[in-house]
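Shown below is the structure under consideration.
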Amino acid sequence: MIDDILEQVQKGSLTAAEAKKKLASYENLGFVKIDHHRKRRQGFPEIVFGEGKTAEQILTIVQSLRTRNDSVLVTRISRDKAVFVQKECSDFEYNEIARTLAWVREKPKSVDSYIAIVCAGTSDLSVAEEAAVTAETLGIPVRRIYDVGVAGLHRLLDNIDEIRGATVSVCVAGMEGALPSVLGGLVTNPIIAVPTSIGYGANFNGLSALLSMLNSCASGVSVVNIDNGFGAAYNAAIIYKLVHKGGQL
Amino acid sequence: MIDDILEQVQKGSLTAAEAKKKLASYENLGFVKIDHHRKRRQGFPEIVFGEGKTAEQILTIVQSLRTRNDSVLVTRISRDKAVFVQKECSDFEYNEIARTLAWVREKPKSVDSYIAIVCAGTSDLSVAEEAAVTAETLGIPVRRIYDVGVAGLHRLLDNIDEIRGATVSVCVAGMEGALPSVLGGLVTNPIIAVPTSIGYGANFNGLSALLSMLNSCASGVSVVNIDNGFGAAYNAAIIYKLVHKGGQL
Amino acid sequence: MIDDILEQVQKGSLTAAEAKKKLASYENLGFVKIDHHRKRRQGFPEIVFGEGKTAEQILTIVQSLRTRNDSVLVTRISRDKAVFVQKECSDFEYNEIARTLAWVREKPKSVDSYIAIVCAGTSDLSVAEEAAVTAETLGIPVRRIYDVGVAGLHRLLDNIDEIRGATVSVCVAGMEGALPSVLGGLVTNPIIAVPTSIGYGANFNGLSALLSMLNSCASGVSVVNIDNGFGAAYNAAIIYKLVHKGGQL
Amino acid sequence: MIDDILEQVQKGSLTAAEAKKKLASYENLGFVKIDHHRKRRQGFPEIVFGEGKTAEQILTIVQSLRTRNDSVLVTRISRDKAVFVQKECSDFEYNEIARTLAWVREKPKSVDSYIAIVCAGTSDLSVAEEAAVTAETLGIPVRRIYDVGVAGLHRLLDNIDEIRGATVSVCVAGMEGALPSVLGGLVTNPIIAVPTSIGYGANFNGLSALLSMLNSCASGVSVVNIDNGFGAAYNAAIIYKLVHKGGQL
Amino acid sequence: MIDDILEQVQKGSLTAAEAKKKLASYENLGFVKIDHHRKRRQGFPEIVFGEGKTAEQILTIVQSLRTRNDSVLVTRISRDKAVFVQKECSDFEYNEIARTLAWVREKPKSVDSYIAIVCAGTSDLSVAEEAAVTAETLGIPVRRIYDVGVAGLHRLLDNIDEIRGATVSVCVAGMEGALPSVLGGLVTNPIIAVPTSIGYGANFNGLSALLSMLNSCASGVSVVNIDNGFGAAYNAAIIYKLVHKGGQL
Amino acid sequence: MIDDILEQVQKGSLTAAEAKKKLASYENLGFVKIDHHRKRRQGFPEIVFGEGKTAEQILTIVQSLRTRNDSVLVTRISRDKAVFVQKECSDFEYNEIARTLAWVREKPKSVDSYIAIVCAGTSDLSVAEEAAVTAETLGIPVRRIYDVGVAGLHRLLDNIDEIRGATVSVCVAGMEGALPSVLGGLVTNPIIAVPTSIGYGANFNGLSALLSMLNSCASGVSVVNIDNGFGAAYNAAIIYKLVHKGGQL
Amino acid sequence: MIDDILEQVQKGSLTAAEAKKKLASYENLGFVKIDHHRKRRQGFPEIVFGEGKTAEQILTIVQSLRTRNDSVLVTRISRDKAVFVQKECSDFEYNEIARTLAWVREKPKSVDSYIAIVCAGTSDLSVAEEAAVTAETLGIPVRRIYDVGVAGLHRLLDNIDEIRGATVSVCVAGMEGALPSVLGGLVTNPIIAVPTSIGYGANFNGLSALLSMLNSCASGVSVVNIDNGFGAAYNAAIIYKLVHKGGQL
Amino acid sequence: MIDDILEQVQKGSLTAAEAKKKLASYENLGFVKIDHHRKRRQGFPEIVFGEGKTAEQILTIVQSLRTRNDSVLVTRISRDKAVFVQKECSDFEYNEIARTLAWVREKPKSVDSYIAIVCAGTSDLSVAEEAAVTAETLGIPVRRIYDVGVAGLHRLLDNIDEIRGATVSVCVAGMEGALPSVLGGLVTNPIIAVPTSIGYGANFNGLSALLSMLNSCASGVSVVNIDNGFGAAYNAAIIYKLVHKGGQL
């Protein structure tokens, strides 16, 4: 982008002042600089991290984003704040388990390819749902394969074909976080592993699952932050788009 | 696979005994079970982790693998052991910096698409080279963009077009591990981040870079284990193959 | 100071008893010993750490300090306690975001030189504001450059001239804490880095940002405690005063 | 035992002085107090931890133990020290991989029941062999099921019947330490899990495998210290003896 | 089990479709897959982990389980949720200290053999009771030996005969977690050690007791997760059943 | 004590049954075994740790203890529970800052020797007061020297004579915990250092002060657990009694 | 700088191609990109981190740097490598304790102002000397005040005037790292604290000193990485230059 | 001491210049400032920490110390360096296990009171001997009670009378570090606990024993740094001297 600007400036099609403004491609709301070029630069619109923002701030950002994008997503948002936003934005949908507030201009048409969201236990549901909602809001079809932890291997094997059919899998697990290692040995496509903070004692808020996944003996597994369902889905969405567009994003 | 076997057994084209043997698709060398079906199952042949194996063991495994695959790769192998193996396998190439021993039946033809191997400093070279050799041995073209750490931002910006052109990037950094975050804001394609153990003091053997990368505020970044150049390249290779085959591996 | 006292005692201008009293240059309020010589010794008056003190205790200390100083600052004070103090001290100003209660006898005249308070994201605002209020209460002009994290590099580059113009910068960042490293490569003046506890999962309450900053590959960066906006501003203020007085404080 | 002594003293069959001596049921060699009553009290003779002891000290202890026991075991002993001891004790056997030196008066007769020693990868062999030799020296039959890590699930499933047949299993794994969780879902008998320090980076010398095993979602898994093959085998041996004697040890 | 299915399919007594269904031996309630074959596979019915489940979910699971098992156990369940369940299931018993909700079709007949539940201090009671209730619900007789920590050794020695008489002991301790080491030197049967999170300061939520127990110099001690009274009792129950059935579970 | 019992049993002045009862020198209240011989064995009566006990339990224990001792102390007890106990035990005194409930039959007579309770800042008061109340309840005179942290060295030097006059000092400090090191260079008598959890950020709940004190370059400093004012005072009291009795406790 | 380039390009005094080259202001030696514009951008020339580079690489870099700078500094370089470099660069000076290799075109003239390098113990000498050599090579006068740790306060007080006279102090300490806190209460100018890895046991390779310094109760203290004498001196040098130039670097 | 100087200066018996010199009561050998007033100030002469000092440096210090003290002690000194010093100081004694070099002008006369040095296992011998030699060099009689770890309780009980007879005990233990807790319940006099780094795996270089001892449920236990036999003995020696002198040191 810097190169483009340099070139345009040299050609005379852009003044230096205009060039500077171009770099400042965000809307400055005082407490935040909303990035409206993000979709062009990154392939997806900016997602709003709800934690630590007031309901009023979220509403302001959300209203600004919806005017220029086809979808808006707020993660880590409490029911109370969501209700506040929904008063103004009644077509936004709140997902209680995922703690997300989402709006999509147009539902994606059903296609054969999809991202698999796999999770080990019922207590990992919240993170798995955050991943699922994120992918769907980004326009990617998902299939949910839940409660297939390694201690009951038959449940996993029973669903393995569906996971193998996915372009890429998001694999969510807490406690010992062994699911990505086992899955990694059974499927060939990429796996984005998400450790969760579920557990107690020597779990140390997700450290055990995080270390497990980083040390996975299976190849094809990469890891995101503890409880970061959003990040995993975002990674998976990038890969999905790359594959099904057949090249560069 | 289990499904296939069930079906064949039912059709009578496979006895139960044969079914069992099929599952045991590895060669049992006593100290190790070599997995000869891995390529079919996983898309790539088994890679040999050299650390903790004797030169004799490595030679045995390597000779078994080369008869059934188009490439063989040993990682984390010392010069001494490599020399021992090369006596029997003179067409194997040792990379001093990467500490890899590799053999490919046929060099991959040059193509336009590639994986970018990006590293922050000269002390991250060893891990970056392990990644580069791994990808090349798996048949994927790579481009190396080295010594472009964030403290000298102009060096990174000067090379940003080449990185943007990659299908997927492997991004290697030690110390504060900030490179993937900065890169994540500049490119749209996936980034596999590799923290290195380079540094001293509060680096704690790579912990600082690892935590940085896991907490990256940039989307599109996933992480592998500290110093795991091999793992990052393997992940990148899977994605590359998915994209340039246009679907399922 | 001990030397001065020794000399005065020898000259006879001070008795040993008086000398002892001089060393005890604090007001003993029972639960606390207020240090009234601090400004003479340290260049700045004592600042009150509000956490763990009752509203009554804070009021007592604050009333004692204002009689002998030109400014008073309480950090980490809740709205409730602030309101209690303001009943008696109506000219004290409460900053909701920074959680500070401050009073200055006379606003500093505007000058060309300043401290830059730079922060990475909106969730770092609280710490950044604590730094800004601290500097201002100490009589130092500040400029705020907020929400310029490294994942949107253009926002930082767009404001770089203002940061370069500062005598010294306070740089606040949570999550991967990469901002000081990037900034350190772009400016020549000193940077005081403040890791924040913002984030989740492998952030470990600010550990990731702290380690990043300590391992910064950029020179000219020193670090204070997690969330310690006050301490960073105090350090910056000392340097500012040294520079613009042209020598010893 | 204290009760017995009290009773004998009261009956007059033991004087207080004799009672005291009885409590001191060890041989005092100066640098160590050898416990000759251990077998009677604990069911198994004392095992010698070789690390940190000189070859001379080990020889002294070993010669004292063999006169009163049916087997002697030294763990964590280097080849050099073993050779030194073997000069005097030529019927002692050194196991290079396990780093054990062992002597048994009489080989145990072959029986149907056994302990399974299961390990995930070739780099866990050393710990697995320490466990195997320990159990054998204690007179318990073992079967070795090696290199069956979770990333190649078919290798594990192929050997599952033999593991299910064991009275108790010792399960050795490094890296992400997922094997006991998977095994725990497939077998009903007790599993003693041993994390190994095998791995690199975020393995942190076995911490990742240790935490995994402690957080195992499978029931029936208990854990011993990192690399403690001896301890796991000892635990398994106690359980084996309990079961096949049908009651109290 | 997989073998059985293969064999039956080959014999024609099972179709491939039926074989698949057999592997799916769980009831899919949407949010959870209840495992009804667990008792046959594992020897004990599935236990419900109450934390993070709603009262409604627990009720649904519990009602499903009681129809096919002789006992039902919910652990980590609050009084409120328990009361909700008890409205429908009035014969379920809530244990306030253990925070368990349990139902047994028929009380086990009194027998001579038992598991000893030993705990160090009054603050470990909650974990010890969870262990005791678990064992009793699994049909195993227990004896409670509480408040016998090592700082008052005479209390332990006074109860040592009862502990020696147990087939296996569960040993619960917080703080320095020394009790299993002392006990390990006094009894011959297996000890399952449970560190508790009781304590403060350098206790670090049970880390001190956990590390102590893992490093126990006494043999015959294996360890479960911090505060995992349930897991310890489950392990002990498996061993108890093995011993008193005289062979394989 | 075991020796005494052995001897008496042999002499016939004690039966074996009586001997056993002697060892059981505690009152068994079900949920707790109160140790009434402790004062004879340990020099001080048992102290009650209030945390995790109900008000009812504390009352029961306290009533049992006061009948056989000259003083009773409950630590870590909330105001609510204290008020409950005071209804029955109106002569018990509650210390709000120390969170202790104490009763002494007779106030100790004033003597010249004393324990110094030294603390660094106002936020360490709670721990310092717990130490002071503990010592006083054990009958030892104390002097309080508060708010003398190392950043205002003159406050410490001004009070150094009083600290030097103490038989032994308890030194309480949070944050960087430097006070014991400085004090250790200025006084010759023993110092019991207590790290407090006061601070934020990289304080990690007292870890920084704990490590500082353990690594103190000053000799004569030993350390107790974080926030353990009680333990420090108890240690100091033992030393005080030894010194002023001139020999064995 | 980017602004300058934009402006020049617009004015026509620079082509886009030239603009690009300008950004690439480093010499590409293959394994490293030497930054020759650093001095202009940063105020000081690039310093070479010797660890992990071969003697040949260091020589190449050093020869390139000396042609365009007035001083060259290599840190963390072993005697062997230094001797190798000195063969070609005989006017380079090796400092055994600091492990630095330095060359200055012209010795700085003596001036009244200086940086104080203060260290706590003899074992911190290596880090202190690295700081001293760094500052001197950057052209800043230093004074060394060594072995003045807090356990012998009189040694510190005896040298306090010299430290107070410094524009800025570098304060090096291992073990409990208390020196900066004490010093921070005695001087008004800035203190850059360097924790060292000196110590054993609970020192954890400098963690104790690092945490102490980050938690310092004294204001005016900022911190660099463990053992980072170079970084501390570089920070101090920036401040020194700012002060004695009276404004912007 | 500062008071004395003030007073003398006022009386005119001391000039300010002399007063300053008095404060500088150390010999400045360049690399170290030897503290010759320490014995007067602290009760014991300075002890030399041998690690990180050259043989020549140690010799210089040792020769300076012996001229003004009745004993000299060097800790953590290798055999090689000791032999070098002994060439000049042939009456210095080297203790191989303790790694100490010591000289005493006159052996202490035998007395009835003593310090007990208690250790858990043979691998703790080195630390225990460092403690024993330290105490003896400081003129305090010691008794050694070694290899009495808690897993063989009878060995401890058999020696308990001798430990009870000690004025104060140093208690050395590695692994789970349970010995001080058990001992603390059996003796009334103070216990200085020393964790050792002996062990492997989850021992984490002494962390497990350190945490155990800090969390000891027994009162009367204080702790020093890991492996700090010297520090423990020094603490014990101070207490011993206080007790047997009947008051202030």
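Going in written order, the chains are labelled A, B, C, D, E, F, G and H, and every chain counts its residues from 1.
The working rule: a contact is a pair of C-beta atoms (placed from the backbone, for glycine too) under 8 Å apart; a residue touches a chain by one contact, two chains touch by 3 or more.
Note that the structure is a prediction, hence the values are computed from the model and not measured.
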What chains touch chain C and also chain H?
F, G
Turning chain B onto chain F with a C-alpha fit: angle in degrees, nearest 5?
180
From chain H, the most remote chain by mean C-alpha position:
A
Take the average of all CA coordinates in chain B, do the same for chain G, and state the distance between these two points in whole angstrom.
38
Could you please state the distance in Å, as a whole number, between where the Cα atoms of chain A are centred and where those of chain D are centred?
48
Multi-partner residues in chain C (2 or more other chains touched) are 2-3, 20, 152, 157, 201-203, 207, 210, 214-215, 219, 225-226
Between which chains is there touch?
A-B, A-C, A-D, A-E, A-G, B-C, B-D, B-E, B-G, C-F, C-G, C-H, D-E, D-F, D-H, E-F, E-H, F-G, F-H, G-H
In the complex, chain F residues that touch chain E:
1, 20, 23-26, 31-33, 35, 38, 49, 51-53, 57, 195, 197, 205-207, 210, 225-228
Taking the complex as given, what residues does chain B use to touch chain G?
122-123, 125, 146-148, 152, 154-155, 157-158, 198, 200-203
Chain E contact footprint on chain D (complex, rising order)
2-3, 41-44, 47, 113, 157, 160-161, 165, 167-168, 188-190, 192, 210, 214-215, 219-226, 231-232, 234-235, 238-239, 242-243, 246-249
So, in the complex, the side of chain F touching chain G is made of residues 120-121, 149-153, 175-178, 181-182, 184-186, 199, 201-204, 207-219
Quick check on the complex: what are the chain A residues that touch chain G?
2-3, 5-7, 9-10, 15-16, 19-20
